[in-house]
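The same chain A turns up in both complexes below, where it pairs with chain B and then with chain C.
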Partner chain A sequence: MSTHNINTQKVNFKVFRFNADVDYLPYYEDYTMEVTSEEVVLDILNRIKWDLDGSFSYRRSCRHGICGACAIKLNGRATLACKENMNDMIKLFGNDITLEPLSIKRAVKDMIIDKADFWQKHDAVKPYLISDIDEYPEHEHLVSPKQAEELDDADLCIQCGACHYACPVVEINDEFFGPAAFAKAYRFEADVRDEAGTERLTEMHKEAQGVWDCVKCFECAEACPKDINPIGKITKLHLMLFDKGLATSTVASRHAVGFKNSIAKHGMLDEGTLVLYSEGPSIIKHIPVALQMFRKGKIVLPWNMPKSDNLDEIQKLVKSSSTAKF
Partner chain B sequence: MKKLKYALFTGCTAKQSTPEQMMSTLAVAKKLNIELIELTEASCCGASHLQDYDDFLSLVLNARNIAYAEKHELTMVTICNTCQLNTAMTKHRLDNNAELKAKVNEKLAEVGLEYKGTSNVIHFLYAIIDDIGLDKIKEMVVTPLSQFNIAPFYGCHNIRPSELQNESHKSKENPYNPTSLDDLIIACGGMNVDYTEKNKCCGFHVELQAPKTASILTGNAIAGAMDGNADMMVTPCPLCHLKLDTQTKHASEAIGREVELPILHMQQMLGLALGCPADELGLKHHLSKVNFV
Partner chain C sequence: MVSEIDNIELRVATKEDAKNAQAEIDFILNNNGDETVTGLRDELQQCMTDNAGAFRTGESLEIAIAKVKELHKRFKNIRIKDKSKLFNTELQEAIEFGHMLDYSAFIVESAIARKESRGAHYREDFESRDDENFLKHTMAYMDDKGDIRLDYMAVKLGKHELKPRTY
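Moving on, here comes the complex of A and B:
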């Protein structure tokens, strides 16, 4: 690029500072800098350290979007610092930029966080091929291109933690595996060479830690710098659980299946019956709110359930197009 | 102004737990000179849960819904973020995969229908911003909501995944810095409240299987709006509305703080500003107090 195309603008950075060894509380340092259109976010981190304050700390290594070290949050957006151009960030957020670590509550020093929970979850899903591999194979174990496509880019993960710390469930439920670990689990479940059978997949079904606690917010899909779409992998794990008959009857699995039952009967969802089918006797806990809702005209009684027009079409399609069993 | 005409996919809650959302949609459409043809044949979109159980069936059912909009040669408008997500996702997948589209159409042919891909699928919020425009809406406001601080709550499935969402509307939205609902609040004369949770999750989809997670997320959202000095929250999603309006007791217990605010559907807020009578907006169907009218 010829130099005359480079433009410069003034940006006010508010930078999270904290040293767990000496500080009781974190604070924010303000830096105003001239930023050129050529710079990526990592260049700013470098300049803060090299030109303004040598004590400023952050992780970095490859500068090529492959080591996953430099993920931070920029105005709340999970950002791989070496990947994002500052111009794009200014376009998105204006000239006031806040730089924070991926997870403030895990901050150790400035941008550096303790990723222990990330790695524990990563390890917990058995992130390796489970297979009886012949030490002296007589032939190659070929994976066809079509079979490799099944991984759906899950193997591109650089373990930067951007999706994990963007996930609202990780933030409030310590047991939840989180999107990165799920994507990793999928990567091996989808691998034709893997012989884990039910060993890994049953872990995905367990309450609190497993896929059923995903809130479907798509924060992970948005956060991933490698476009891996972790929630897409979570959906595929759900489907695998049903496909392999591992989705035992729980509130969560009945909740998914209940939609089909309702559609087959009414076309539309019968909200009350769905809750009853999902919860079973535990429906009792919903009664106080249900009564309030009933008084406000928010509950339709079973005999008044609206039905879709041309319901016969829907019923025919439910019969002919169903691909799953429960 | 030219009369706009859309095919309306109401979704299921509009007919059951959020009747006020249906009422206010119709009231606002009348004021804005929009004709809505209700797709009474439509089925449930699967709400992203059927998609976890039977992906192909969910594609067939959603393609059927869109096929009815196509029969009318109209754009489909949705009034629920999750309906929008699942319908637009189906459209995206079928429009980009001829083989899958053919498989789905093979099924639809059994009931004499075909999915062509000719109708756009757009949430009502973006339809009015794109086709009427915020300036025009502002001109039509007769009761500016100038005394209110209004906290926008966007709802995940209208803003993420952004690549999919931005296929359906001209006014591009960034999920980290969304503006459409803020702009609509301003057009209605209100003061928009900025707060961290405005583009976050309400927890609706795990209310049954992970009630604690769901309640904390709901509680955090209302608390964030309250701390921003909001008089009310407004959302384009009836599922978010259900969480924020009806689950305040559980939310308060979960976060250890009393939280409650009037929660308006986007259509109700707009309806108030456009001068629709309160009874047409269904304000009596709320659980949380709506004590400002």
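Moving on, here comes the complex of A and C:
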């Protein structure tokens, strides 16, 4: 018989408090609690509200990881409160734990944030099947298991916003669609029944809002409680844009192609030429940075660019794995 | 089935209804007692689980109804901390609790009167189904004082054959 011990330990919680109606500035409240090994983070939120301070506010609904309402930040880490076990959090962070909303600048009341930007971007990617559906079909529209796999779990998204508010580009670029909206766009682009053609993908290609502004930091993949890996979907959208010939020549798409060219030529990244290729004549604005990089040895003069070992093998790989023309 | 929905008559809401709803919110926001909604709700949940679950007896149901009545009185003595009009989930929980009390009373009063066992209503003091006396829907009405009057409506048979459950 397996033995399962329930143990408790003391945890100090520092909790973000703010009521946009009455508070000029947010503040933090401290609570110390005995936490049992059986509790999830949502149990702590409930206990604060029910046992310690009724005015403490947060969103919650299903309490089993399917509604996406209770996403918060725990010690800065995006956390779906009903999913994460307190024991695991204590193992990660120790016994001092800070609870904050997903986005402090969007805080409305305690853990509750204004998710308007999230929903606007979600709506902007046409998050529905675009198809000329027969109103009186004679049989189902069959999707084979193999075709369904193409969605790559993008349909599991619960719209909790964890990835969106973990994304550093969303933080500084108001127009950027963000990882959740891209994952949703991919979910329909990858659906065999979808007939959107280029209308959705064209939006994905636009500068500032589109997929090219992703900085590939993988924060979204870390944040996602459903392991959807949004950045994987962003990469797939990149490839779709090339495959369908929609990737017109912009600084962003040239940047992507410049990587490939550099690897094909040297087997490694030639940062100087890459920027020249992406930016063209406007590279002139980067001269101060280039001089600094040169001084530190980060870039070299073109004739000094080293070549990777086994360059011929690398070139063969590049050739065999390139499907799209640019 | 679906077509029957069109025949349902709904009462038209009056100004009086709006006033009642507003009074309910005002009471919860402004009342200055010393009971907490969480505390009362815990007591109600425990009592209903213990005494009015699927397996119940006349005796356990009497305990339940006494407790529900007691909680009804104590509910008049609540206080909530959150007075804000913004995302006031404490107010929401208090409104919900008031309704839980009403529905608990409906459930228990109906169960006391139904001296038989049927489906998930299992009276350990009346273990068999009694079609002669109880093949009917319970209709329950609450008056202004919170007292419940029971009425019954005939079951429309025809879709399923009436026979003893032998599995």
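We adopt the following convention: the second predicted complex is superposed on the first by the 300 of 326 C-alpha atoms of A that agree within 3 Å, B and C clash if a C-alpha of one lies under 4 Å from a C-alpha of the other, contacts with A are read in each partner's own complex, and residues count from 1 in each chain.
Throughout what follows, contacts are C-beta pairs under 8 Å (C-beta built on N, C-alpha and C of every residue); 3 or more make two chains touch, one makes a residue touch a chain.
Since this is a predicted model, take the numbers as computed values, not measurements.
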Contacts of A:Val108 with chain B and chain C, given as first, second, both or neither: second
Touched partner set for A:Trp50, first chain B, second chain C, both or neither: second
First (chain B), second (chain C), both or neither touched by A:Val22: second
Which superposed partner A:His141 touches (first chain B, second chain C, both, neither): neither
Which superposed partner A:Arg193 touches (first chain B, second chain C, both, neither): neither
More chain A residues in contact - chain B or chain C: B
On chain A, positions contacted by chain B and by chain C: none
Chain C residues within the chain A interface of the complex: 36-38, 80-82, 84-90
Chain A to chain B touching residues, read off their complex: 75-77, 92-93, 168-169, 172-173, 207-208, 212-219, 221-222, 229, 235, 238-239, 242, 250-253, 255-260, 262-263, 267-269, 271, 275, 278-279, 288-289, 292-293, 296-300, 306, 308-310, 313-314, 316-318, 320-324, 326
Of all residues in chain B, those that touch chain A in their complex: 12-13, 15-19, 40-44, 46-57, 60-61, 64, 107-108, 110-111, 113, 156-157, 160-162, 174-177, 196, 200-201, 203-206, 208-210, 212-214, 216-217, 246-247, 249-250, 284-287
Chain C contact footprint on chain A (complex, rising order): 19-22, 49-51, 53-55, 57-58, 108-109, 112
